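In what follows, chain A forms one complex with chain B and a second complex with chain C.
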Partner chain A sequence: MAEISTVSEDFLRQLTAVGEVGILVGVPTFNNRDTIERVVSAIQVGLTKYFHRERCVLINPDGGSTDGTPEIFKNVSVQDFGMLLTASPLRTFHRVTAPYHGIPGKERALRSLFTAADLLRAKACAIFPPDSLSITPEWVDSLIRPVYREGFDLVSPAYQRRKFDGLLVRGLVSPMIGALYGRRLHEPVGSELGLSGRLACQFLQKDIWEQEMTTFGLEIWMATTAIVDDFRLCESFLGPKIQAAKQFGQDVAGTVRQVVGALFHCLDLHENFWKKREGSEALPLFGFQYNVALEPLRFNRRGILDTFRSHVEQLVPILESILTPQTLVEVRNVAQLADREFHYPDELWVRTIYEFAAAHHRAVINRNHLLQALPPLYRGWVSSFILENQKADAARVDQRIEALSREFERLKPYLVDRWDAGRGGER
Partner chain B sequence: MKEVVLKSLDKTLGKFYDMLLQFLPHLLAMLIIVAAGWLIAIVLKMIARRLMALARVNKLSEGSGITQILRKADLPAPLDLMTQLVFWIVWIGFILLGVDALDIPELQMQISRLFLYLPQIFVALLVLFVGLLAANFFSRATLLAAVNANLPSARIISGFVRFVIILLTIAMALEQLALAQRTVLITFSIAFGAIMLGLAIAFGIGGRNVAQKALENLFPQSESKKEEQKEKAEEIPPL
Partner chain C sequence: MPSDPLWYKDAVIYELHVRGFYDADGNGTGEFRGLTLKLDYLADLGVSAIWLLPFYPSPLRDDGYDISDYTNIHPAYGALDDFKMFLEEAHRRGLRVITELVLNHTSDQHPWFQEARSSRNNARRDWYVWSDLIERYKKARIIFTDTELSNWAWDPVSKSHYWHRFFSHQPDLNYDNPAVFEAVWGVMKFWLDLGVDGLRLDAVPYLVEREGTACENLPETHEVLKRLRRRVDEHFSEKMLLAEANQWPKDVRQYFGVGDECHMAFHFPLMPRMFMAIKLEDRKPIVDILRNTPEIPDVCQWGIFLRNHDELTLEMVTDEERDYMYDEFAPEKRAQLNLGIRRRLAPLMEGDRRRIELMNGLLMSMPGSPILYYGDEIGMGDNIYLGDRNGVRTPMQWSGGWNAGFSSADPEQLYSPIISNPVYGYQAINVESQRRYDHSLLSWMKRLIRLRKSTRVFGRGTMEILTPQNHRVLAYLRELGSERILMVCNLSSQAQAAELDLRRWKGSVPIEMFGSNLFPPIGDLPYLLTLGPYQFYWFRLRRL
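Right after this comes the complex of A and B.
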């Protein structure tokens, strides 16, 4: 049963008025007045079009917006369903908006949503970010149908990516989860999710909610926990991922630290599971896959490469505590290669990441410091990957990522060795 | 004459014999205390080692950076260092007790003075140890922050942070020992002032362009300049 003390009385009152539902859709917000209307409209049309016979509720946990986001959320209405080629809704469309207390953060918002799912006995839930620019009504169907009709517990998104987009996810997080947890997820950090009420209740019972999780940590934690607890996972193709403008200004160092920190934290939590796991399998992928022409990414490869070179040399005293002498020598040799010969081999990249993971586990230096030493090396691998695939098409890039995933799998015993390396020393 | 000499010799020898008889039990007591102390110190060292291994001291000290500092200073690992410390503190305590058992007033006075000074020595050592830890932690944090913020000369900045913290720590430790308090204070003030002045002059003369760039970054002149900077720093979205 949900811990109802974690939600406000007003929220509880609104939920009681709704009663039991089949589908719950959550949109956590915090000052999203520019994008919220489009997101809510798309969800409303999606629910009407694909789940018009079901009792649905749309819930908005708000982190204390001061720009009127909750009011917009409450008042958005689709004027003419006919023009959208769908019939008008057969049932009342419930909407609940409630502020949650404390610092605005995803963990509080999701905890409110999962509590609501438990109280309303929702069979299926979906979570959408409030600033998605490419959301369509079809996304609602893509994320809910596998749960509602096919009996899956977690639906992870799959996007059409631009050639070099999301390299942290594709070149580190996704292959590492595949190699260690045995399930190949394309987008373990994707913000759009579908999940069963059963899984939402299971998440609520975990003691993660009082811990400090990073912005991107919850998605990784939910995906890996669902794998460890043997829930049924699948993926749904959502089309191109178009990020909100503010995400383009992402602080690379901060994002790497948060995402990789969350992943390493999960490795500590699930140590007994992933060490025994062997091999990996792809997840069922729902949805019709298509490609649209996307504007290519603009980036300064030379700048990224120069940053890598200078940062590696400056961080040598710290890297000495994290990497093995052999790996450090190889990384420094890579940094000295000429532009045209520049190549960060997959094997070295995987060893670097595994050594960071093991050092994080053994806390050889302050963990926050350790994670801050990784972005320069990530930039090195990114530079090498771009150089190598400059003329390749998207399919070829996907093949390269596949090869990298196999390298992560091949070197898994190396991680286990490094992980346990400190155990014999404490006598 | 001969009798007087013999009498005097006999008296002196008698006195010496009496003193020896008086002193020998004290010496014996001292030797017993020192030997027992040595045994007790060894036993306590073994117990301390076992307890610290159970508390995973090596792992904790690796995580906090203590091991690295000690390694750089060519000192043994924290577990070895702490068990050695336990051994020597206990044994020295027993040795001093033994010396006290000799019942020599001058020695007793010196020992009591040493005992009075001991707390200051311990506090000074503690200040030094915590200061070295803080220097290591903050210089590493500075280096990482400076590197990730793409600041030039990150290692110089972090080295400077380490140097200032160590300097401050040494000054505090010496002040705790009440050694040349005024000299230390004056030396510290002069050194700190000289570094700051040197930095200001060096930045003014050598880093004119860097200063200009830094100010331009702080107060961008136009939108086109902003765009230009954005283009230069453009990176691929990691997610």
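Right after this comes the complex of A and C.
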């Protein structure tokens, strides 16, 4: 049961007025006035179009916006449903804003939403980011229907990715979760999510809400926890994901540290589960998959490669504590390769990650320092991957990712060995 | 009877069919003599007017809406003298009488039509609408979609097509012919001269046809009605015309004119939305339709109802709303008819006394004059295995005895089988048993009607919808002069709390009208009320 003390009196009052609902949709915000109107409109049309008989509530946990975001949220209204080829809603469209105090963060927002889901006995929930440029009403259906009608507990998004988009997820997080947890989840860091009310309640009961979770860590924790607790997972295709343009390298180190740190943290939490798990299976994928022409991502490969080469040598004293001697030698050899011959083999990449995970588990050095040593190596692998697939199309890149995933799976026993090796054990 | 030209504004109207109310002569069919014997029951129930379904000579292919003689009584229901006696006795008890005037069409057995079809040169030929081509009036919709494929029917006698908006055996009268107007006025005058207090004008939107239009709500139709009204006002006082126009409120509004057309009109779209609101557990459908209901002249009134002799019509809802209503209230296909649901109130509420009470509470407190359908005051059931709408027209259940106390005839002789299933059968649901105890639905309905009639606020007051945050709670204020009544209704199957902003009436004390209990006075804070499942309160706000 939700701890009522975690929600404000005003929030509770608003929830009381709403009462039991079938569907709860959450949009956490913090100064999103430029995009919130479109997101709320899309959700409202989606709920009306696909769930017009259900009792729905749209909740906006806001981290203290000063740009009027909550006011816009409350006042967005669809004037003419007929022009949007949908009927007018049968029921009242409930909207609740819930400002929370303190540092704006996803964990506080999600805790509010899950508490609301528990109190309102929501059957299905969906969470949307406030700044999505590509959201359509169909996303509402894609994320909620598998829960509401098909009995799934967690719906993870599947996107059409640009050729080299999301390499951290596709080349590390997703294959590693697939190999260790046995579920091939394509977007474990996706910011859109569908989940059942009972899973939301399960999350609430976990002892993580007072811990500091990172922006990206919560999604990984939710996905892996759902797997471990034997909830039903699936994926839903949402089409292309359009985000504000950003270049590779913009705080890539911070992102790698946060995402991989969260994943390694989950490995600790779920050690008893993943070590016994063998093989992997694909998840049911809902939705009609289509491709649209997407502008390719631009990379400064020269810069990425130079950073890798220079940082590897600088980090040797730290890497000696993390990697086995053989792996370190091989990594250093890769760094020595000429541009044309540059190649970071899959097998070496997987071993590198697994050794980092094991070292993180054993806390061979300060974990923050350990995670800071990973981004340069990640840059090396990215550089190699781009070079290798420069002329490949998106489908071919997907095949390469599949091959990499199999490598993660094949080498899982290696991770188990390294995981269990003593602190002063063989290197 | 006390004189009051606006009597219809405060009326509680009881709709019944003579045939189904009480059979005094034991031939299996109710008649005016039987109805007269039951007037004390109606007076005791507290209603103030009786609306009689058609009782005229008719081949009865549409339950009497196919009239073959407008100025007489169907022999099965008695003679004209029986009607006069009934009328006198009703008036003696303070009960007004409203009869049907089917002015859009006649039966094809009516002498007018028989003459009209006899030859193309007959003097009455133009009393109906004829055409050699069926391409005319293509934009007019078909109303009885389950039975009719066209609004034109072939007449093999005069070898031409005649126009009909309802069944093909009901040819439409031609109001472009002044003789038709005069003939219909003659019929009206006949009944009003006898002492009838009001006329329900059946199917008024369809009186006139014009090419290129939907042939509904035409200005020419309104002109016909205005002329009839002028005639009524010139010859009579305290008479009422009630329009049956199954249309959106903005279109029905036209039938009031500026107080110079019909005195009353049914509010069709409100009815399904009350059902929808209670099933959705959300006030939105009711609030939406009330907000889209225009103001009407002071001398006019809406006629509001939950159920009547027809199917629960779903013409004035969207496709999605209709699908929802079918799924929730008529999952059994047999319960669906045309664009509606042929069920009575109690089965629609799954026999849930709380929901039946709430629906009646809404009906009695909404703006308009409420119309009760016979038998619903005791929670009678229906029989969807009977054809057409006959399942909601079964004999009144007076007792648990022979033929439900309706008739002494052999059961096989009855015009319709009596409801006899274990839930709604006459042994379980009947007037006699419900008269025995104070907490029966019948006794409760009497109290409700008495309360409704205790003030003119309900019939004549303004309405303001309040907006508590809890959308499962519908709250509204009716106000007339210094009198204020607050209604708070829980549309949900679960207990609810609601906070009402009543600061404007700070210092007033809400007095719950059923028990006359005082509630805490209104202050500056939101007024908190808790309501059990489907519970409702009527509060009189009094400044002490």
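The definition used in the following text is that the second predicted complex is superposed on the first by the 416 of 427 C-alpha atoms of A that agree within 3 Å, B and C clash if a C-alpha of one lies under 4 Å from a C-alpha of the other, contacts with A are read in each partner's own complex, and residues count from 1 in each chain.
The working rule: a residue touches a chain if its C-beta (ideal position, glycine included) is under 8 Å from a C-beta of that chain, and two chains touch if they have at least 3 such contacts.
Since this is a predicted model, take the numbers as computed values, not measurements.
In the superposed three-chain model, the partner touching more residues of chain A is B, compared with the other of chain B and chain C. Of the two partner chains placed by superposition, only chain B is touched by A:Val189; chain C is not.
In the overlay built on the shared chain, the residue A:Asn333 is in contact with neither chain B nor chain C.
When the two complexes are overlaid on their common chain A, residue A:Gln399 makes contact with neither chain B nor chain C. Within the superposed three-chain model, A:Thr92 lies in touch with chain C and out of touch with chain B [touch as defined at top].
Of the two partner chains placed around the shared chain by superposition, neither chain B nor chain C is touched by A:Gln289. Within the superposed three-chain model, A:His52 lies in touch with chain C and out of touch with chain B [touch as defined at top]. By the touch criterion stated above, A:Gly19 is placed in contact with chain C alone, chain B being left untouched. Those residues of chain C whose C-beta lies close enough to touch chain A in the complex are 276, 280-285, 318-321, 324, 468-472, 492, 494, 496-498. On the chain A side of its complex with chain C, the touching residues are 13-14, 16-20, 52-53, 55, 87-92, 94. By the touch rule above, chain B contacts chain A in their complex via residues 53, 56, 58-59, 62-65, 68, 137, 140-141, 143-145, 147-148, 150, 154-155, 231-239. Those residues of chain A lying in contact with chain B across their complex are 164-169, 189, 216, 243, 247-248, 250, 252-253, 255-256, 259, 297-300, 303-304, 307, 311, 314-315, 317-318, 321, 362-367, 369, 372-373, 375-376, 378-379, 382, 386, 422, 425-427.
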